[in-house]
Structures are given as structure tokens and as C-alpha cells.
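Got a structure here, written out as C-alpha cells. Questions coming.
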Amino acid sequence: MAAELERLKSIILHMASHIRDIVSKTSKLFKEIDMDSRRGIWEEIDSTSAMLDRIRKEFVNEVLVFMARRQPLGKELLISHTLISIAYDVYRISRYCREIARIDSVLAPQFSVANIRVVGDAFEEATRAVERALDDLVRLKPTNENIVVEIDGRVDKLYNTLLVDVSSRDSVDRMTALGILVMRHIERIVDHANYIERYLKDLE
Amino acid sequence: MYSSRRIKDRLFIAFIASVSILSLVPLFHIMIAIAVNGVQVIAKAGLRFFTDTPPAPLSRDVGGIAPALFGSFYITLVSLPITVVLALLASILSTEFPSNIISRAVDVLSRSLASVPTIVVSMVVYTTVVVPMRGFSALAGVIALSLISLPYAYTAFSTALRSVPQIYREAAYSIGMDRWRTVRRVLLPVSRRIIVTGILMVFARAMGETAALLFTVGRYRMGINIDIRAPTDAIPLLIFDFITTPFKLYQEIAWGAALVLLAAYLAIFVSVKVAVKEVRL
Amino acid sequence: MMYAVEIENLNLYIDGRHILKNISMNVSYNTIHVIMGPSGSGKTTLLRTINRLIDLVPNARITGRIAVLGRDVLSSDPYILRRDIGMVFQIPNPFPHMTIYENVAISARLNGIARSRRELDEVVRWALEKAMLWEEVRDRLNKYPHELSGGQKQRLCLARALAMKPKLLLLDEPTANIDPINARRLEDAIVSLKDEVTIIMVTHSPHQAARVADSVTLIYDGYIIEQGPAQVVFLHPSNEYTAKFLRGEI
């Protein structure tokens, strides 16, 4: 049983490495770069996240087959559940990156998400949170839980500030409107990183 | 294809079959001899073989074995219940309380009694019953037969009770039956076929007992005595006495008596096998 | 009478050998409590101590306290005690000389549950329905148990135990000698009985325990290793032996 679980864990770690890749590519969009690079990044994010979706579906199936065959109890049962949950969180992170890329492509060629204030820093925070969560995933231990929770708090505050600002005005400009959308996606990414930590904590 | 294995297999089966048939040959020989010789006599005598007393040695009449026939059944049927009840009680007690001192004593006694020669039992009964009574009697025969049959019946019944799988006793206890109900409603019924077979064997042995009756029943052949304190006759005794005489008539009567005994055996065995239903576990 | 069964510091010695070591266990009313463990760990012995069937083993010595439905077991008359405790054994043992009907009826009649023919008919039907056997035997109640399959025999034994309306039901690896489909049917029947009776079941299969148990006790080598609510023990075992047992390694 242990060998099969190791194999399943290695698949999710493989998914995790793709996420690191997607997140770092998305962060590039928040810096001033040329159109060709941006276009290239959109395509890569698109195809990688589609692939991750396929991997996730197959992975969940494999975990279910493992559970049906080996009928794990105790820790092995909890791990099986954790693997399925985390696979979903990992996939969602890639989706939100894809959404941010979509906003960037819509703003092109005149503007980019790099032009929106505040979101660049927010995404840096998100990148850090995701990295920490994925490090913990490798170890299967929520060592960085506190850090991720902190980041989650900060990003939530930023998002809230933006919301308050927008609701205080009758009309907003283009950048602010799209900015709040991007902020929402960033807030969700950090949330999912937080969920990963929480599932890892339940394993103990 | 005839490999050597197949040939060996066939040879072995043939060997076993022939040895089995061989071992049955004496039995069939006896039965056929009795049948052939006995039928002639009974045919000559007709139904009176069962109602008349034995004739004078040189008479033309075949006569009959009525006293011996009556006597055999009389003594056996009186001693049978005594034996069965005592043996059944003893075996139930020793099965229920195997480590009790009385059970162990009964076991030892039974084995000892079984190893005493039947003629010795006969002599003992002579001294203790016939002499004080100043005469032979059916009662003495009954006592002798009971003594001889007891150990055998006790062993048979003990085996029967012990052959009931423990799981049925546990089941009985688990639905709240106490010890005695368990014996009555479960152990005895489940082993009924073996017990009845045991009773049959006791009956058969008793009918065929010769030495036990030598010094006890008195060989009274003149008529039929219903009183248990009076002497009577038994078929094996009659056969023993008559076959050793020089008179041909008496020897023929002996064969006839043997056939009657055999027929009685067969009738009893077959009817009980049919009547008692097997308990399939 | 807070618990249906209370066991406190129970020690059992057979021929001087220490078989059950300081067992303490409580079973709540109307629950299924499973005693699980590897073969030879003492679970069957523990079960048989509860209804004093251990008396059939010579040279058995017991110390400690067992209370069933408020009554002290070790000082009670075992024959009277067993009237409130039903048992189903590892090897199906319906009485072979009684018909299917009589097997169930005798249990009811003996314990005063039913007397008249009509009452007996009702109880027999009820018990067979609860044991999920009624449909299969309703038109052959006067046949003998040897005609039934192993799984059906076992359900008949369950019906027989139920017919005396016991408050406690002891099941000793009831599915050990039955095919898997009948085993599941028997498990379903057992689970459906929870409202009417308290059940203690012995098994060596952690998965069977997981399927039916409300609470469990794990016994290994005569010791209690771990016990508690099923949810806790099966998801968060606190002892390494328990984890090993759940993985099937012991």
C-alpha cells in the first residue's frame, strides 16, 4: 500500500511543479514586457492549465481506484482524501492564473495588467504563498502554515480596501474596474494555497 | 493408452474387491447353511414348530421349540429395559460430568465388567441368585444378561453422546437450555440413530448369549412358564444341548432353531433401520 | 445500568496460561460494538466469557468483574443469564433434528416469548424476517436445516437467537464460514437490529469492523490495544499496532 501511495504522491508533486511554472509565468505579466513575450506567455499558460485539468481528472480516478481496491483505513484513508482535495486546489490555482492572463490579453495591446496599481505587489504575495504551500506539500507537513495565513490576511485586506473604494464611487475608470477583478483572482489563489496548508494540517 | 499406472490401479482395486468378498464369504456360508438346513426342518414340522414342545428323542414327530422361543424373548425383553435405562443414565452422567469421581469409577467398572468371561458371570449369578432361590429361574437369567450387556451398552451410549458435535450443545446452552433439557431435547435426539443401533446390538447379543444362561435359567423344556421365578429355556441353550446329542431328530431341531434365531435378528434390524429416521447434520 | 455491558479488570487463565489480560470495556445500549484483532488474540474467549460459555472449558479461572444489563455475570446462574443473551457462532449450528420452524420456535417457547400456535407463528415469522431469511424459507418451514446453504443456516441461527427477544446479542465471527454475498446480507441484517438489541461482534477483518461498528475494541495477544468510537479509531488510530492492523499487516 505504501508504494502505491508514494506513486500517487509523486503525481501530485509533478502537478505542483507545473503550478510553480504557471505562477512564475503569470508574475511576468505584471512587469512591463513586449507583446510577443506576452502572447507567448498567454499560450503557455493556456496549454499548461488544460493539461493540468486532464492530469487532475485522471489522478482523481486513480486515487478512487486505489481506495476501492485497497480499502485504506486510518492514516492512509485520510491521505487519500487529502490527495483528491489538494489536486483540486492545485488545479484551481492554474485556472485563476489563466483568468488573469485573459484579462491581460483583453487589455492588450494598449494596456496590460502591469499598468494596474497595487495588483503587481499583491501577486508577488500570492506567488510567495503558493511557493510555501507547495514546499509543504512535498514534505506533507504544514510547516509554513503561519506564513501563508499571514499573506492570506494581507491580501484579503487589500481586496477589501479596493472593494470599499469602488463602492464609495458612482463610477470608476477602466483600470480600477479590471483591477478589482484581478484582485479577486489573486485573493482566490491565496485562498487555495491556504486550503492546501489546512488539508496538510488535518493529516496530523 | 494403458500406462503401467493404470494397470496397477486396476489390479489394486481388484485385489481390494476380492479380499472384501472373501471376508464376507464365511458370513454368507453360515447364513446359507442355516437357511438350507433349517428350512427343511421347519417345512417338515409346519407352524407347530413354533407352538409345540420338543419331542422325545426317537419320536417321528418333529415337535417344536415353543418353550425356548418364548423363553428367549421373555428374558431378553425383560433385561433390555433394565440394561438400557441403567446404561443410558450412566453414560449421560459421565458425558455431562466427565471429571466427576463417580463418572470415572463407572468407566473403570464398566471396563472391568466387560472383561469378565460370561461363564464366570453365570456362575456368580448361580451362587447369588439361584442357590438362595433354591432353583433356576428366568429372573436369574435376566440378571445375568443385564450384567453382561451393561458394559457394552454403556460404551455404545457414551460413544453416541460424545459423537454429537460440541457446537450443538453450545447452541442449546446459548438459547437458555439447562443441562438436562440439552440432553433430552438435543443430545439424545441428534444421536438417536446411534443409540437405537446400540440398543439393537444389545438385544442381538442378549438373544445369542449362551454361557450366561447355562447355570441360570434351568433349561425347562416341558412347557411355557410365565412366572419369572420359574425356570425356562432359551434358543441358544437348546441349540447347544440338542446339537451335541447323538439323536438326528434333535440335531435337525437345532438347525431349525438356528434359522428362527437368524430370522428374528434380520427382522429386528431391518425394521428398526427403516423406522428410525437418520438425522442429517 | 449506564452501559449494557461493563467489564472491569477482567483476567482469564486457562490451565495457568494468562489468556485475557486486565480487560476493561464498556458497551452502550443499542450499539454495535466490535471486538477485533488478529487470530488467536483472545477475542472469542472474551465473548464467551460474557455469556459464561467459558464454563465448558475445564481449568478456566476468572478474576475481575463483568456486568451485563446490570447483573453481575460471574456470580449469576449461567443458565438464567443466557436467557437474555443470544449468540451466533462461527460455524452455523441449527439443530439438525428439528425443522426450520421448530428451530426458531423452540427458542421462543423455551423462554416464554410465545405459547399458542398463533403466537409462535408470529414470532417465527418476525425473527426470520429480521434475519432476512423469511422470503427464502416461507414455503418450506417444515423442512430440515441440512437443505439450506451455509449462509442461510447462519441466518437461521440468527433468527433462533432473536426469537428469544434477547437484550444482548453476541456474534462470534458470524460470516467466517460463509460466501461473500451471504456475508453482506448477514451484515445488513445485523445492522438493522441495532434499535432492538445491543450487539457485540467479534471479527478478524478490519473492514468488516469498519462496515458495521459504532465502537470498537482492538485486542492483541490478550491485551486491549485501543478502543473507542469507530470514527476515531478508523480515521485517527493512536497506536501503531492499530495502524498496522488496519493496513492488514497483523
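As written, the chain order gives the labels A, B and C, with residue 1 at the start of each chain.
The definition used in the following text is that contacts are C-beta pairs under 8 Å (C-beta built on N, C-alpha and C of every residue); 3 or more make two chains touch, one makes a residue touch a chain.
Because the structure is a prediction, the values reported are computed rather than measured.
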item	value
Shared interface partners, meaning chains that touch subunit A and subunit C	none
Geometric centre: closest chain by C-alpha means	C
Distance between chain centroids, defined by C-alpha means - subunit A, subunit C (Å)	52
Distance from subunit B to subunit A - Cα centre to Cα centre, in angstrom	96
Chain centre separation in whole Å, for subunit C relative to subunit B (CA means)	47
Subunit C-facing residues of subunit A, complex	1, 71-78
Touch list for subunit C against partner subunit B, complex	51, 53, 56, 58, 78-80, 82-83, 85-87, 89, 91, 93-97, 106-107, 110-111, 144, 146, 157, 160-161, 164
Residues of subunit B that touch subunit C when the two form their complex	99, 165-179, 181, 185-186, 189-190, 192, 279-281
In the complex with subunit A, residue positions of subunit C that touch it	206-207, 210, 234-237, 242-243, 246-247
